[in-house]
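I've put the structures underneath this note.
Both of the next two complexes hold chain A, though its partner changes from chain B to chain C.
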Partner chain A sequence: MRTFLLRRLVFSAFAIWAVATIVFGLLQLSGDPVAVIMAGSFGTPEYVAKLRRELGLDLPIHEQYLRFLAGALHGDLGRSLRWNQPALPLVIERLPATFQLALAATLFAVALAVPAGILSATRPRSLASRSAMLLAFAGQCIPLFWLGIMLVLLLSVNLRLLPPGGRDGLDSLILPAITLGMYPMARIARLTRSSMLDVMTEPYVVTARSKGLREGIVLYRHALKNAAIPIVTIIGLQLGSMLGGAVITETIFAWPGVGSLTIQAIYNRDLPLVQAAVVVVSVLFIVVNLAVDVTYAYLDPKIRYD
Partner chain B sequence: MRIQGVWARVLPVVLALLLTPLVISEVFGQRVPSRSITVVVSATITSLDPSVETHRSSGAIQNTIMETLAVYDASNVLQPLLAEKWRSTDPNTWRLTLKRGLKFHNGEDFTAESVKMAVDVFNASKGFAGSWFQFIKEVKPVDSHTVDIVTKSPTPILPQTLAFLYAFPPKYFKEVGADAFGQKPVGTGPYKFVEWAKGEYIKVKADPAYRGGAPKIEEITFRTAPEASTRVAMLETGRADIIMNVPPQMIERVEKAGARVETAQSNRRVFVEFNRFDPILKDVRLRKALNYATDVEAIIKSIFAGRAYRATDILRPAMPGYSKGNVQGYGYDPAKARELMKQAGRPNGFETDLYVGVGRLTLDKELAEALVGQWEKVGIKARLHPMEWAAFTTEAFRGQMPGMHILSHAPLWWDADFTWQNHFWSRATWKYAHTPKGDQMFEAQRTEMDPKRREALQQALEKYWVEEECAWIILYDQQDIYGVSKRIQWKARPDELMKFDEATLGN
Partner chain C sequence: MRRNVGALVALTALGLIVLAAVLAPEVAPFDPNAQDLNLRLRPPAWQGGGSRAHLLGNDHVGRDILSRIIYGGRVSLTVGALAVLCAGAFGTVLGFLAGYRGGLLDEIIMRAVDVQLSIPFILLAIVIMAVFGVSLQNLIIVLIIYGWVVYARLVRGQVLSLRERDYVTALRVLGASHLRVMLRHILPNLVSSIVVVATLETANVIILESGLSFLGLGVDPRTPSWGTMLSDGRDYVTSAWWLATFPGVAITVTVLCINVLGDWLRDRLDPRLRA
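Entry: the complex of A and B
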């Protein structure tokens, strides 16, 4: 296990470096932060040159890059050009809201998807199963933007059950969690179904049944535990992507997470802030994937990483 | 139907998970006091320091806490505020007399030192406002409430810029530093800063000791919602009392919810700027042809449902030099357009480009498409290039964007100098309309201290750029639309700034 973790650490560091470098390159090519500032204001050529100097944007690209790397090794990811504050704390400040939303969405997705998938695999022709799979199909097709706004119009504006936006009390978490969790719910449900179907035909399941074990024990202790690996993988991947990519949900519901911070930073070509967000989200994604891999070892004793 | 098996175990858990937050919120949720309102703005607030963040969303909050030396009223006329009077003692010096007996919220006195600090803070800023006061050479306190502002060259517009010079508390600012000040500001305004829950809300409360008497609204909570539909939903559900930037197509929703819209003719004027160095558009006859080929009234009627104000000039009412009719607009006259194109040797039309940075102006893409369609009728084929804003500004900044681009302009200080300096100068940010003659005229009005002579210079410049050089297709002023709950008396302003000191609750 130790060598496995060490190898993963080295690979993770490389992955974070690669992502940060690619993002740095893309941002440099895509726009000039000084132009964005100046378009909203005015300044003589001398002032513009002074601003570029003060922001470190007059240096050649490779020097800007090396400066960024050197700072990153000390935990300093630069100052946001727009917020005029250190970039890393700005991102970290947004993490609680992001975690809250991602976890709530995952809980919603798993709580609905796994039972639906199991039901569909064990009683495929029942009404409940067909409805569940239809919902799963819809969840994969419905655009997030449309779903969020429809939920707001129905449950907030018309029925006055829930708030339409903002992070203000636990009830404000419900609509964004459903919106964000719908697509993962659909994917997890369909994968649970197909994974269970594969496992249910295995000889050990037939044996368990013929031994006279209760259906519940057959399903959970024998079938689900073995079907779990791909399900856990997809849960991990969905959670990982929610941690940095809930931009649409956060925008519709004015949820102050990392996604909306990052998209604003991109619009403003706020290089240091985008870099900081990318580094933080990469780290989170890697941690989640590591947790998923460690869970495998628990689920399947045959899996060993040494 | 009995719920059995998996569902029997799982369903109660799922229901409990979904309903518990609702119950908790209902039981323990905070009730907002009734003399308090919630205002929802559209942009994320990054700092409450006005030298760092100048967006109107932040301005609404900053202006409750901090005050400027002068202020514009709702007709864009400059009025004294923290500075009682000002006069020019020599071409490069303005002497300001400050109001006495004022204190900042932390107890510090408002003195000439605050003005000195203000200029230093702005000039050190790396944000939008860093360039605003670069024309100031030195700030010299004469006594505790008199200060001389020495400029690098004669600056007749200095009084206008005072509407953007905020008073900073020197002791507090030095104590906490610039970063912390932006998170927890202190000022002389009618409201005191209370709390900033990052990403959630900013709270301010009325200062009972405010010199004009405490404002009627006791507490204001500011929230941000970038999505227009969300802002309107917050108004509909009673979670917001005032919302900004209501798109015209959502006005019906606001009114159906029992609220109303407050509108103002914005200072933000929308226009098409020519690249007068473009190989085709360098011919002024073709620029005039494009003007005559544009039916602005039709655009206002069909795209904006009448919610925009036709504009044909650059100087505006209350600006020094403004004179109605100083320039004749270009009306819609396709025949004249064709005639001019024939004279320019292009009787069958020509091809050009129209760039627009999408997402900044109301219905900007629809506007661009309408323009292209109108011009096509006289044979002008404009290739439309919608671009993301930052990509657009990066490209435009290089000064080489071919053809034309759609822009808007809202002068900060109410003087045409602001417009000339932004668009009609060889050293401007937007370098698409400048000539040696234009530069000369610009520099002359910039340093002319005699008001009457300066007014004549402004009018001459306006005639030059509108009638002689035809640098723009001037379109319209936007209509700013706010949604306001029935329980509040509040009026919108033309300068996109929301102010609450005169707002009241109740009918």
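Entry: the complex of A and C
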């Protein structure tokens, strides 16, 4: 277990460094930040030179890179060109909204997917089961940006049941959570079904049934516990990917999270802010994946000894 | 039997979509970029104020929606097919090298795969498009970067298993070169898996391309594409529901057909991929 954890920790640290390097490299290719700041205005050569010195752009590239890494280790991910403030606090300010959305979407996905998957595995020919799997299949085919717009059209514009956007009360969370959670719901449902089907044919489940135990006990005390291992893993992975994948959902619903901040920063050519947002979200994604790996190793002893 | 019927329906529908896209200049009733402000926001034919000439209505600058959907299919399907072909080729070659040669090359390639999978790709795609600019070429490059990892992992895993087979050892003992073993004896065993994954990945690529175009970071906004149509339609959802609805239906139906076909191919060619 210790070796496994150490390997995962080392890889996670390497992945974080790689992400930071890739983002730094991409931003170096994006052009001159001074040109962005000065866009439309005229500065004297002395002023431009002063600005370059302040931003460290007069240094050789390898020194800029080392300066960036050193700054990142101390929580300095550059300065927003648009807001003229440190970029990291601007990103962190938006994180709670993204977390709230990702958690709500996960809850929605799990609440629907796990019962649907169990039903489909235990009563495959029932109408409810077939409907659930059809919904799961459709959920993987419907693009989330279209789903979001259609939900707004139906539930906000036509039926006036829910607000179309913004972050103002729990009811404003419902539509974005359904939109973001639909694809994970579909994946979790299909995985739950296949995981339960695998477990239901195991000898210990057959034995439990032949002992005369009630079906509920066989399902929930014996089958589901073992089927849950890959399900818990995928739930964790989906939560991690929702942190990054919320970009489109936040844009549609004007949800004030990191995703919508990133898009606004891109439209404003505020690349230091983009850099900070991508690094922060990637770090969170890597940390969540690490937590999922550790949980999986804890739940499944076979993994620890690999 | 039911699966076969579903696959047949999906194949037929997909065939019609592809045919319409290929024959767009002949099939589309109007030029997709022809604007007529007298026709702006005209509803579909079956609604009051609609016209049979413009079956699915007109957008905010009077362009025919049906024509734009047909031409938009060209963009999505072309981009999707190109990206999947290139990503498949690139990923297969790298996966092959990683699995067959092993050692340092395997480590480098697989670490690159792991690092890429550590980044939420939509964010990376957005940054790349923002840095290098919105163009069809850059979009295809981004989609290739997105797709190669799936093939690399799949092919590497299968090659690792196949290279240990007795027949491969026998071939090497008999003097067959590495290249011959790879191309004549191992690669043919991978084709069915690659085809299944490529089919399913086409759906993901179409959704990713539409998503980027929706954000204004995909194809040039002047090019008719399903994603840009959805983006335009979002601003008029309260007054003109058809602008956002029909492009979304087009994407969903296309992706649905590809997924049904992909599932059927997987069951026929390589059920192991269910895992």
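We take it that the second predicted complex is superposed on the first by the 250 of 306 C-alpha atoms of A that agree within 3 Å, B and C clash if a C-alpha of one lies under 4 Å from a C-alpha of the other, contacts with A are read in each partner's own complex, and residues count from 1 in each chain.
Definition applied: a residue touches a chain if its C-beta (ideal position, glycine included) is under 8 Å from a C-beta of that chain, and two chains touch if they have at least 3 such contacts.
Worth saying up front: this structure is predicted, and the values here are computed from it rather than measured.
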Which holds for A:229: it touches chain B only (first), chain C only (second), both, or neither? neither
Looking at the overlay, does A:252 come into contact with chain B only (first), chain C only (second), both, or neither? both
May I ask you to decide whether A:45 touches chain B, chain C, both, or neither, giving the answer as first, second, both or neither? first
When the two structures are overlaid on chain A, which partner does A:268 contact: first (chain B), second (chain C), both, or neither? first
With the two structures laid over each other on chain A, which partner does A:237 touch: chain B (first), chain C (second), both, or neither? neither
One more residue to check, A:57. First (chain B), second (chain C), both or neither? neither
Who does A:160 touch here: chain B (first), chain C (second), both, or neither? first
Check whether A:149 is in contact with chain B, with chain C, with both or with neither, and answer first, second, both or neither. both
Per the overlay, which chain contacts more chain A residues, chain B or chain C? B
Tell me the contact category for A:94 with respect to chain B and chain C: first, second, both or neither. first
Check: chain A residues flagged as touching chain B and also chain C 30, 149, 152-153, 157, 251-252, 266-267, 269
Touching residues on chain A, where the partner in the complex is chain B: 30-32, 34-45, 47-48, 51, 54-55, 80-85, 93-94, 97, 107-108, 111-112, 115, 118-119, 128, 149, 152-153, 156-157, 160-171, 173-174, 215-216, 219, 251-254, 256-257, 260-261, 264, 266-269
Would you pull the chain C residues touching chain A in the complex into a rising list? 111, 114-115, 118-124, 126-128, 130-132, 203, 207, 210-211, 214-217, 227, 230, 233-234, 237-238, 241, 244-245, 247-248, 251-252, 255-256, 259, 274
Please output the residues of chain B touching chain A within their complex, sorted ascending. 5-7, 10, 13-14, 17-18, 20-22, 24-26, 29, 44, 46-47, 49, 52, 54, 125-132, 134, 178-179, 182, 198-201, 223-227, 229-230, 233-234, 236-237, 239, 388-391, 393-394, 396-397, 418, 421-422, 427-429
Touching residues on chain A, where the partner in the complex is chain C: 11, 14-15, 18-19, 22-23, 26-27, 29-30, 137-138, 140-146, 149-150, 152-153, 157, 194, 240-241, 243-245, 247-248, 251-252, 262-263, 266-267, 269, 271, 274, 277-278, 281-282, 285-286, 289
